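Input: structures, listed below.
Okay, so chain A shows up in both of these, paired with chain B first and chain C after.
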Partner chain A sequence: MHSFGYRANALLTFAVTILALMCAMASLSDNFNSPTPSAQVQVLNINWFQKQPNGNDEVSMTLNISADLQSLFTWNTKQVFVFLAAEYETPKNSLNQISLWDGIIPSKEHAKFWIHTSNKYRFIDQGSNLRGKEYNLTMHWHVMPKTGKMFADKIVMPGYRLPQEYR
Partner chain B sequence: MGWIGESVDSIKSLQIRQVLTQAVSLGMIVTSALIIWKALMCITGSESPVVVVLSGSMEPGFKRGDILFLHMSKDPIRAGEIVVFNVDGREIPIVHRVIKVHEREDTGEVDVLTKGDNNYGDDRLLYAHGQLWLQRHHIMGRAVGFLPYVGWVTIIMTEKPIIKYILIGALGLLVITSKD
Partner chain C sequence: MDWQGQKIAEQIMQIMLLAFSVIAFATGYIMSSFQMMILIYAAGVVLATLVTVPNWPFFNRHPLKWLDPSELEKHPKPQPSLNVNSKKKPVKK
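Our next item is the complex of A and B:
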């Protein structure tokens, strides 16, 4: 009854239970955080805008992104993945989401940033619908915890418009 | 001579009962594990509700040996979600992030492009030859939760099968020899 095996088993079970409980509590504690992030994006320049030989429109642009995501960080946050997506509708597609830029924020100190960049991923439409197209730029973020549930949210910035002519 | 026969009978019956109890308790362990797994499959709607990260392509978010909990709901797939997908001709599922989504107006079908956070380029090189987009049926689930390090147990067991056999042997021995 009081052999080494039984004691080791009881200790191990207890340790794993406590560890699991602590992980669950750390994950639940994230719910008490009510973040107030902010973001601004300017399209500084359309570098070029053309139709590919296969008929799809492609645009290259220079962006100025500034954001303050410090309030997303809690003690259970490992990193925040943030990306900027262009979102628009076309006659064929009810939703197009194209990631233009993304970044990994490793800590709270880096969560207030300002970046001047051209689009990191190619902005290509499925078809030729981009001339004069109105689109939203949406800042999405995914909070990756040290353990537990992942959180995601976004800020939609409407009212951007692509030029009427290729250039 | 009567009492010898009686004691032999009692020993025999005792052993049979003990063996039976052990067989039943072993069966309970196996079946309860199976029940938990199948219940998870029903709740999450994904054919493999828990996956172990095998590559470093999502570092520093997910490292090798971390466990992901998957969920497969009817909700449409959106950019930024971390999905687990199977590519035709590849056995091992891949865990990567969605960076582009095109959803059809009429049918609601989606074209999805993925990329690993730690990879330089998108996943078109990993897809089947000539495949440009993932469709809904390639996707097994989206990651909703995360548990670090625990997956190392399975990685070690698949890469060093000896340890697995030693562990199974030791557990079997324990079950056979234990008396409670």
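Our next item is the complex of A and C:
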């Protein structure tokens, strides 16, 4: 502490150490938040449902997605990435996950939303198993904090069924 | 900066930074604003820098008292003794 340089160095290293501690505490404070998100999805219409020339089934559907993810946001949340996936089982794969829609929620004010949309990404099966297939729509989200570990969770909405015939 | 000043400077620096970090964290948490926490802490770091890094007169109130040169003359340095050579190997005769 005898010279300008040594004092500046001591202050800076101590300040950065404390900053790291504050960030760690901010990250830990997220554990006090117990989120209660909700999501509903309605399949309003099957726009078309057909077999591609290469033998894979493809569906186009209109969805009404509404969700309240406000409780996911804390003071340490930068943004939330959310995506809606169709999940079903086929003889070949025990779990198929097809992302139909996604979005980035930048703030708590935008976390309660509803959207009326056709599927953003194509719903194509690996094969021809979709006729009459029962599937889940699952709302997945990844919470991206300002400091600390990213974490993810999901809501599974079961009980959707595709039509028996192509249209 | 004298010895006492260095000690005070270090203590002031540590106390200021810790106090500002506690205030910043509490304010940020209560206001749910990470940005507010960073701003308050940054202000604290700047303030602590201004207070403790420059060599303010405040840190020089306890100068070391050296002996006067006249005092030195009264107590002359002991001269190196003349029998230094005794440690050397005795010269063969």
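Keep in mind that, in the parts below, the second predicted complex is superposed on the first by the 166 of 167 C-alpha atoms of A that agree within 3 Å, B and C clash if a C-alpha of one lies under 4 Å from a C-alpha of the other, contacts with A are read in each partner's own complex, and residues count from 1 in each chain.
One rule holds for everything that comes next: contacts are C-beta pairs under 8 Å (C-beta built on N, C-alpha and C of every residue); 3 or more make two chains touch, one makes a residue touch a chain.
Remember, it's a predicted structure, so these values are computed and weren't measured experimentally.
Peer 1: Answer with clash or fit: chain B and chain C placed together on chain A by superposition.
Peer 2: Chain B/chain C on chain A - fit side by side.
Peer 1: Quick one: is A:I46 in contact with chain B, with chain C, with both, or with neither? Answer first, second, both or neither.
Peer 2: neither
Peer 1: Quick check on the superposed pair: does A:N76 touch chain B, chain C, both, or neither? Answer first, second, both or neither.
Peer 2: Only chain C; A:N76 stays clear of chain B.
Peer 1: Tell me which partner A:I115 touches in the superposition: chain B (first), chain C (second), both or neither.
Peer 2: Once the two structures are laid over each other on A, A:I115 reaches no partner at all.
Peer 1: Which partner reaches more residues of chain A, chain B or chain C?
Peer 2: The partner with more contacted residues on chain A is B.
Peer 1: Based on the superposed arrangement, let me know which partner A:Q97 touches: chain B (first), chain C (second), both, or neither?
Peer 2: A:Q97 sits against chain B, while chain C stays out of touch.
Peer 1: Take the Cα centre of chain A as the vertex and report the angle out to the centres of chain B and chain C, nearest 10 degrees.
Peer 2: Seen from the centre of chain A, the opening angle is 40 degrees.
Peer 1: Touch check for A:I18: first (chain B), second (chain C), both, or neither?
Peer 2: second
Peer 1: Quick check for you: in the superposed arrangement, does A:K146 touch first (chain B), second (chain C), both or neither?
Peer 2: both
Peer 1: A:A85 contacts which: chain B (first), chain C (second), both, neither?
Peer 2: first
Peer 1: For the superposed arrangement, tell me the lowest C-alpha distance between chain B and chain C in Å.
Peer 2: Closest C-alpha pair between chain B and chain C: 10 Å.
Peer 1: Do chain B and chain C land on any of the same chain A residues, and which?
Peer 2: Of chain A, residues 146 contact chain B in one complex and chain C in the other.
Peer 1: Considering the complex alone, what residue numbers of chain A touch chain C?
Peer 2: Chain A residues touching chain C: 1-2, 4, 7-8, 10-11, 14-15, 18-19, 21-22, 25-26, 29, 74-76, 146.
Peer 1: Please give the residue numbers of chain B that touch chain A in the complex, ascending.
Peer 2: Its residues touching chain A are 60-62, 76, 78-82, 97, 99-105, 108, 111, 117, 122, 143-148, 174.
Peer 1: So in the complex, which bits of chain A are touching chain B?
Peer 2: So the residues of chain A in touch with chain B come to 5, 23, 27, 78-79, 81, 83, 85, 91-99, 102, 104, 106, 121, 126, 140, 142, 144-150, 152.
Peer 1: Help me check something: in the complex, which residues belonging to chain C touch chain A?
Peer 2: Within the complex, chain C contacts chain A at residues 1, 6-7, 9-10, 13-14, 17-18, 21, 24-25, 28-29, 31-34, 37, 41, 45, 48-49, 52-55.
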